[in-house]
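The letters A, B, C and D name the chains in turn, as written, and every chain counts its residues from 1.
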Amino acid sequence: MSTTPDLPPAEHTDILVTPPLVPELHRHPEPGEPLLKRIINSNGMVSVLAILLSLLVGAILIAFTDERVTSTASYFFSRPSDMLNAVWISVSEAYIALFQSSIINTSAESISDAIYPLTETLTIATPLVLAGLGVALAFRVGLFNIGAQGQIILGATFAGWVGFNLDLPVGIHLVVAVVAGIVGGALWGGIAGFLKARRGAHEVIVTIMLNYIAVYLLLYLLSTPTFQREGSNNPLSDPVAEFAAYPLIFGPAFRLHYGFLVALAAVAFTWWLLNRSTTGFEMRAVGANPVAAKTAGINVGRAYLLAMLIAGGLAGLAGTAQILGTERSLSGGIAASFGFDAITVALLGRSNPIGTLFAGLLFGALRAGGVGMQANTGIPIDIVLVVQSFIVLFIAAPPLVRSIFRIGTSKPKNKKAAAPAATGGAA
Amino acid sequence: MKLELRGITKRFGNFTANDHIDVIVESGQVHSLLGENGAGKSTLMNVLFGLYEATEGQILIDDKPVKFNGPGDAMAAGIGMVHQHFMLVPVFTVAENVALGNEDAGAAGILDLEKTRARIREISDRYGFGVDPDAIIEDLPVGVQQRVEIIKALVRNAKVLILDEPTAVLTPQETDELLNIMRQLRDSGTAVVFISHKLREVKAISDTITVIRRGKVVGKADPAASASELAALMVGRSVSLSLNKDKPKLGEETFKITDLSVLASSGQLLLDSVSFGISEGEILAVAGVQGNGQTELTESIMGLMDHVSGSIKLGGKELIGRTVKQIINSGVGFVPEDRSTDGVIGTFTVAENLVLNQYDKAPYARGMNMKPAVMLKNALKKITEFDVRTQGPDAEAGTLSGGNQQKVVMARELSRPLKLFIASQPTRGVDVGSIEFLHRRIVAERDSGTPVLIVSTELDEVVELADRIAVLYKGKLVGIVPGDTPRDILGLMMAGASNEEAESQSGTEGKERA
Amino acid sequence: MSHATIARTPEAAPANTAVIRSWAAPITYLVLGLVALVGFALGSPHADARFRITDGSQRISVPDLVLGTTFVGWAGTVVMLGIAAYAFVLARAGRKPARWMMPVFAAAFVISFLVWAIGSADTPNVYLSGLIAGSFTLATPLIFGSLSGVLCERAGVVNIAIEGQLLAGAFCAALVGSMTGSLFAGVLAAVVGSVLVSMVLAVFAIKYLVNQVIVGVVLNVLVAGLTSFFFSTVMVEDPEKYNSPPAFSVIHIPFLADIPIFGPIFFNQTILGYAMYLAVFVVWYALFKTRWGLRVRAVGEHPKAADTVGIKVNSLRFWNVVLAGVVAGIGGAFFTLVTSSSFNKEMTAGQGFIALAALIFGRWNPIGAFFAALLFGFTLNLSYVLTILGTPVPSQFMQMLPYAVTIFAVAGLVGKSKAPAAVGEPYVKE
Amino acid sequence: ACGAAPEASPSGSAAPSAGGSTAAGAADFTGCIVSDSGGFDDRSFNQSSYEGLLQAQKDLGIEVKKAESKAATDFAPNLNSMVKGGCDLTITVGFLLSDETKKVAAANPEKHFAIVDDNAIDAKNVKPIIYDTAQAAFLAGYLAAGMSETGKVATYGGMNIPTVSIFMDGYADGVAYYNEKKSKNVEVLGWDVAEQNGTFTGDFENQGAGKNTTLTFANEGADVIMPVAGPVGLGTMDAVKELNAGGKDVKVIWVDADGFESLASGNEFILSSVIKEMGKSVEDVVTSDVEGKFDSTPYVGTLENGGVSLAPFHDFDSKVSAELKGELDQLKADIVSGAVKVESPSSPKSN
C-alpha cells in the first residue's frame, strides 16, 4: 500500500474503501457528507423536484386560462386577494381531481371506489409499459424505433382476428391470441429490422412510413366482412370471444386485467434478455459499438433484425393489452397514441426495463388523472401532455433542476443521457 | 518571438494533469517535451493553444501576459499546432480544411478557395510536400494528412509550431523528411515544440529538451545524453529498452496464406496475391506504412472483409468464407489496431469487455443465460494478472486510459488456447513499462507454440519482436526478411523497394553517410 | 528517397484494381422490369390515357397528350428490361452501372405506371399541370421542415422536433394573424413560435447536454399539448377573434404563369411558395459555397477540429438551430396562412416526420430533400387524383401509396445514407 | 388590468361549480355528454351534439357535464366518471362508443343514455339517435346536378365509414335520379356507389388535403362539391375561394349544419347544406327525459320529421330556377311518401 505516498496519513486507515490496484487518480468519496444533504442532492430527489416543477408549469397554465382567475385579474390591483384565491382554488381543484382519479379517491364511500383510480392507472400503464419496452429495447441496440404505433396496431389486429374469428378451447384461445399479437407486432417491427440489416434502410424512415401503412391497412381490413361486425358496416369488429380476453383481476367493477401481469413479466423478461442473456449481450454490444461487436464475431445485421422483431413483439403485446384487455373490439383507434407515448416513456425510463416500468406507471397515472381532471373540472386533458413533457425535460437535465433549486451535485457533470449515441447519429 | 509558460496548472476534476509547469520556448529552436504516457504533455500544449483553460498560471509572449479564450486567439498570436490526433474534417478537401476558420471570402461570405489553393501549392512546393489541394482528406494516406496539418499551421504564419507526436504514424523516411522540414522552419526563425516518444528523433533534432513526469517538470535534458538516460528521466526508474528472447523453436507451418487478394468495393486491389506462412512457435511481423494493406490483411484473416479471394488455411482448414465467430472459435486470437473502435466497447464494463467474444461459451454462459459471477471472477483474475489499472471490474472501459484498454484486449485474447495469435499495433499508446510486459506475453505465447502475426508501424517494435519480417507496400508483399534485418533496409522496402534493391541502395547510402 | 511514395498516384491504373461483380442493381432492375411487364404491358387496360396540359383558362393552349396504354406499357417495359439486361452485362464485366441508367429507368417506370394508372381509371383523363402543381403545394411545408432539419443536422444537432416547430408556427401564425389581421405579423409570430421551440432544443441539447433525440421527441409532445390546450381554451371560445387568420393570395406573374406545366409551379404561387424555392436555393448555396456553410459543415462533421481553428462550435450550433426554427416557422405559417384558413389541433398530422424522412432520404442536402419531399407530394397527390378518376383499388390502399413508395425508394434505391459524423453528439470543452 | 373590484362579492358564490354552471331555476337534472376522439371542437357531430345539450341547459336550467375523449382508451373512464358523477342522462357520440355505452348502461339500469349515430344497442335505458341522411343528401345530389354547368359534380369524405358514405350515397343517387329523369349525363366524381369506394382524405384533420382534393376536382371539371369530412371541408372552402377568385365558378354543398350560417367566410359559395339536426334532436331527447318521458325507441331523423333537411339556398336563392325548386319540393314529398325510395348500404336499419 505504499503506492500512494502523497496521501495524508489519516487516509491510510480508510484503506478498505480504496480498492487495490487503483492508481493515484482514484477519487475518494467526500467524507462525512450528511445523509440529508446526500438525499437532497441525489438523483431521486432531482426526479421528485422535476415532477414538482412540471406541476407548477401546469398550474400556471391552469390558472392562466381559468375564467375565475381572469375575471378577478381585471381588478388585481384593487383587491389582489380575490385573484390569488381564485388561482388557489382553480389549481388545487385541478390537482386534487388529478390525484383522486389516479391514485386514491379520498372522498369515496367504499374501499373499491377508493382504489378504483389506482387500478385505472395500472390499466392505462399496461400498454404504455409494454410498448415502452419495445422502444427501449430497440434503443439499446442503437435503433430509434418510432414504429411502436404501427406495431401495436398490427399486434391488436392479429390478436383480434384470433379472438373473434377462431373458436378455440378455454385457455388455449387466450394463449393463441396473445401469441398472434406478438407475431403481428414482430412482423411489423421485423420489416424495419430486415430492411435495416439487409439494405441499410434508415429505420427512422421505415418505421414512420410503416405507422401510416398500418393505420390504412387496419381501416381496409375493418371494411372487409372478415373483420367487420356482423350486421353493421361501421369500421368496428365483433368483440373478441370471452375466453380470448384477458380475465379481469378484480372482477367486473374494475378494468384492470391480467395483461398487467403480462407487462410485469415482460419487464422481467426484457431485463433478463438485456442484462443476463447472451442475445442481450450481443444486442447491447451492437448498440454501443457496432464495429467492435462485429470484430468480436457478433452478427450485427442479425442483432438489428432480432431487436426489431422483439421490440415489435413487445409492442404487439401492448396491442393485445388493448384488444384483449380494455377495448375488446377492433377499431381504427385501437392503438390510441400509445405508440408515440411509448417513445417518451422509454426515454424517461432511460431505455432500461425497470425505468420504463416506472415511467409507464407515472404516465399511466397522469393519463388516468387527466381524464378525471377533465371530467370533473373541465380542464382540457392536453395539460397532461404539457406536464409530461416538462417532467421529461427536467429529469433529463438535472443541472437545470439543481440550478433552479440551488442544490449541489452528487455526480460528475456531463454524464450523457441514456440513449446510445449511435441512435442520435442515426437520425 | 519568445513564448513563456509560467506556473501552468491544469486540473481535471481533482486530478492534476499539469502542476505548476514553467517552460520557455525561444524562436529559432526546436524544443522537445519528453515524458511517459499521461505525463501531461498534450494537456500542456492544449492549454498553450487555448483549447483548455489553465486552472492556474500565465502565458507570456515576448514577456507580455496574454490570455487565450480559444484556439482562435492562439492562432492570432502566431501559435500553430499539429495535434496528436489529426484535426481534419475527413469529408472535406485539403483546401477546405486549410481554409477552415481562416477563409478568404468575397461579398456575403461567398467562399473563395482559389487563394487557399495557391498558398497550398506554394508551401507544398517549397517543402516538397506534394499535396493536391483538391484531394479529399479521407482518401489520403496518414503521412499526407500529417503534411496537411503542417500546411494548416504554416498558412496562418505560425511563429510557434507545436508538433504533438507527429512521427507516430510515419515511415522512417517520412520521419527524416519531417525532421528536415523542422530544421528548415527552425532556420527561418520559427520556434518548434516537438513531442515524441522516440528518443532517437528527439536526440537528433532538439536544441532543448524538457522532461515532464506526472504533470511536473523534472528537469532539462541534454540532447547528447544517451537514450537510456533519457528514458530513466522520463519514467523515474531504469528501463530495459531491449527484450531478451530465445531463438524460436519452429514447429509445423500450421498457418498458410496463398494468393490472398482483397478488393475494396470500388474495385481497387487492397491486397494483391499475398502468400506466406507462419510456423508454430514463430513470430512473423508485418512492417509497412499504414494504408498499404496491413489492416486488410488482418481483417481478411478474421473474416471481416468482403471481396476476398485466395486461401487462408489454419491447421489445414480453410478460413475464407467462414464467419467471424467461426474463425474466433477455431482458435484465432485478434488484437485489432484501433482498440477504442474495434477492440473494446467503451460503455461496457471491464468485466464484459474481457469476455467480449467469449460471452456465449462456458463457463461464462449456460445456454442463453450468462453468469455474471463467473465473469466477475475472471475479470478480477485478469486485472491482477495483466496489471490493468482500473477502479474495478465494473468500471466502464471508456474510463480507462488507452494503455489500460490495450491491456484489457490483450488479456482477453491471450487467455484462451490459441492456434493463431494476431496483434495489430499491440503496444500503441502504451507506456514503456507496460510495453516490456506485453512484449514478454507475446513472446511467451510464441514459445508455447502458437504462430504469431504482428502488424506494427513501430519499426522498433517490429525489430524487437520478429523472427521474420514481411514488408507490405501498396498491397503487395515486397519481401520477407530475417528478424535482424537493418532498419534502413526495412525503411527502403517500406517505400516499395524489393529487398535486393534495398540492400544495394542502403549499401551505397551507408557509404555516403559514412 | 522520394516523397512520391505517399502522394496520390493518379496513374493507379488497371493493375491496381480488379473486378467486383455487384448484382444488386441488375436484379432490382429486372424485378421492377418484370413488374412492368406483368402490370403495365400484359396488364394494359387497352385504353388511351389523356393528359391535359392546359385547361383553356391559360393564354397558351397546348393540345392534349393522348397515349395508348398498351403502346406505352410495352415501350416502357422494353426500355426497362433493356436497361436490366445491359446492367447484367456490365455487372458480368465487373463494371458499375452507367450513371444514366437509374434516371432513365426511373423515368420509364414512372411514365408507364402513370399512363397505366390513368388509363385504368374510370375516367382515363387527367389534368397534368394540376397534378404536378398540387404535388408542389403538398410538398411545400415538408420542404420547409426538411430545410430546418438540414440546418440543424448539418451543424451536428439532431432535429426530431420538426413536427413541433411546424405546429408551433402554424398555431402562432393563426393566433397572431387573426388578432392583428396582418399577414406579416402572422408570419413573424410563426417564426417567433418556432424559434422558441428551437431555442429549447438548443439550450437543452447544447447547454444541458440532454440527448437530442429525447429533447426532440418531447418537444413534439409539448407543442402538441400546448397548442391543443390553448386551442381548446382560447381559440374555440372566440374563433372569429382568435382563429380566423387572413390568407396569402396567389401572386400570378402574367404570361410566365401561362407556360404549360411549369407556369403554375413557378409563377403562380403565394409569397410563401416563392419563398420556398428561394429558401432551398439559399440554404444549398450557403451551406456549400460560403464561409458560413463550410464552418457549419465542419462543426457537424468534426467539432473538435473546428474548435482548433477557432470556430465557436456551440455558439454556431446554437444559432443554426435558431435559424432552423426560422425556416420551420415559415413552413408552419404555410399551414394556416396558405393551405387552410384556420388552426386545428395537431393539424400538422405527422408531416414533420415525413419531412425528417425526406431530409434523410435527400442525404442531408437541401436539393435532395427538395426532391424527396416532391416525390412524396407527387405520390400523395397521385393517390388523390386516382381515386377521383375512379380506380378499382380500395381507397385505403391508395392512401398507403406515398408511404409505401417512400419505403421502396429508401430500401431499394437509396440504401445507406450517411449522416454528418458528429450529429447527436454534444460538444464539451474542458 | 386595474378595474374596480365588484362590490361585496360574497366569497363562495364567486366560484361557480366547475365544469358546468347552474342557471336560475335549476332543475335537479344533470345531462352529460362524452365525445368520441374527434373532440367537442370537431365542427361536426360532437360539436353539434354538445351544442344541443348546451341549448337544453339554457332553456331548462339543467346541470351539464362533458368529457372529451382523446382516444378510444378514454371512452370507458370518461363514461364511468360521468355515471359516478351523478349524471341522469349521458349522451355518447358516435358508434365507437357503442360497446362501452351498452356495458355501462347494463351496469346502471337506473340511469339513462342516448347515443348519437349508432343503432346497435337495444336496451331499455338507451335511446339511439340516428339519421337517414341519405334522404337529404339525395335532394342535394339532385340540386347539384341541376345546377352544374359542366356536367360534373363531386364529393369526398374524411374516412370511408357509414356516417360519411351515407351522404355520398344519397348524393350520388340523387344525381343518378336527375340523370334518369332528365336523360342527362351528369357525372359524379369521388364516389362510386356500386363499389362503395371513392375519394377520402384519410382523416378529419388535414385541411390541406381537403383543399388539394377540391382543386383537383375543379381541374377535372367538377363545379359543385360536397365535402363530408368535418373540418377538412374548410379546405374545400379555401379552394373554392381561390378558384372563384381565379375566374372559375365552383359551388359547395356543406354538410351537418347550415354552412351559410356557421361558416366564418366563403358562405357566398354555399349553394345549400345537407342538415343533420343533431343539436335539435339531442335537445329533444334531453327535454323529454327532463319531462319524464324518456323512452328507448330509436329516434330516426328523416325528411319527414325534419331531422334531416336541405338548407335554404340563401345567396343562391335567385339563381336556382323556380322549376328546379319545384322539382325539389316534389322530390321531397315523394321521398316522404315513399314514392321515391332512397336507400344506402349505410342507411339506419330498423332493429
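In the analysis below, contacts are C-beta pairs under 8 Å (C-beta built on N, C-alpha and C of every residue); 3 or more make two chains touch, one makes a residue touch a chain.
A quick note: this is a predicted structure, and the numbers were derived from the prediction, not measured.
Listed by label, the chains that touch chain C and also chain D are A. Taking each chain's centre as the mean of its C-alpha atoms, the one that lies farthest from the centre of chain D is B.
Interface comparison, A-B versus A-C: the pair with the greater number of contacting C-beta pairs is A-C.
Distance between chain centres (mean CA atoms), chain B to chain C: 44 Å. Once the centre of each chain is set as its mean CA position, chain A and chain C turn out to be 31 Å apart.
For the pair chain A and chain D, the distance between C-alpha centroids works out to 37 Å. Counting partners per residue, chain A has 216, 219, 223, 380 as the residues that reach two or more other chains.
Touching of two or more other chains is recorded for residues 160, 202 of chain D. For chain C, residues that reach two or more other chains under the stated contact definition are 232, 394, 396, 399, 421. Pairwise chain contacts present here: A-B, A-C, A-D, B-C, C-D [touch as defined]. Within the complex formed with chain A, the residues of chain D that make contact are 1-6, 9, 11, 14-15, 18-20, 37, 65-68, 70-74, 76-78, 81-82, 84-85, 95-96, 98-99, 107, 118, 120, 159-162, 202, 345-346, 349. For chain B in complex with chain A, the residues that touch the partner chain are 13-15, 302, 304, 323-325, 327-329, 334, 336, 341-348, 352, 356-357, 359-360, 365, 368-370, 372, 383-384, 387-392. Note for the complex: chain A touches chain C at residues 61, 65, 144, 146, 195, 199-202, 204-206, 208-213, 216-217, 219-220, 223, 340-341, 343-344, 347, 380, 382-386, 388-390, 392-393, 396-397, 399-400, 414, 416-419, 421, 423-427. Looking at the complex, you find that chain B touches chain C at residues 12, 49, 51-53, 70-73, 75-76, 81, 83, 86-92, 96-97, 99-103, 105, 108-111, 128-132, 135, 139-141, 143-144, 152, 173-174, 176-177, 261, 263, 265-269, 272, 289, 307, 474-475, 495-496. On chain D, the positions that touch chain C within their shared complex are 39, 41, 154, 156, 160, 187, 189-190, 192, 195, 197-203, 205-213, 215-217, 219-220, 231, 234-235, 237-238, 241-242, 245-248, 264-265.
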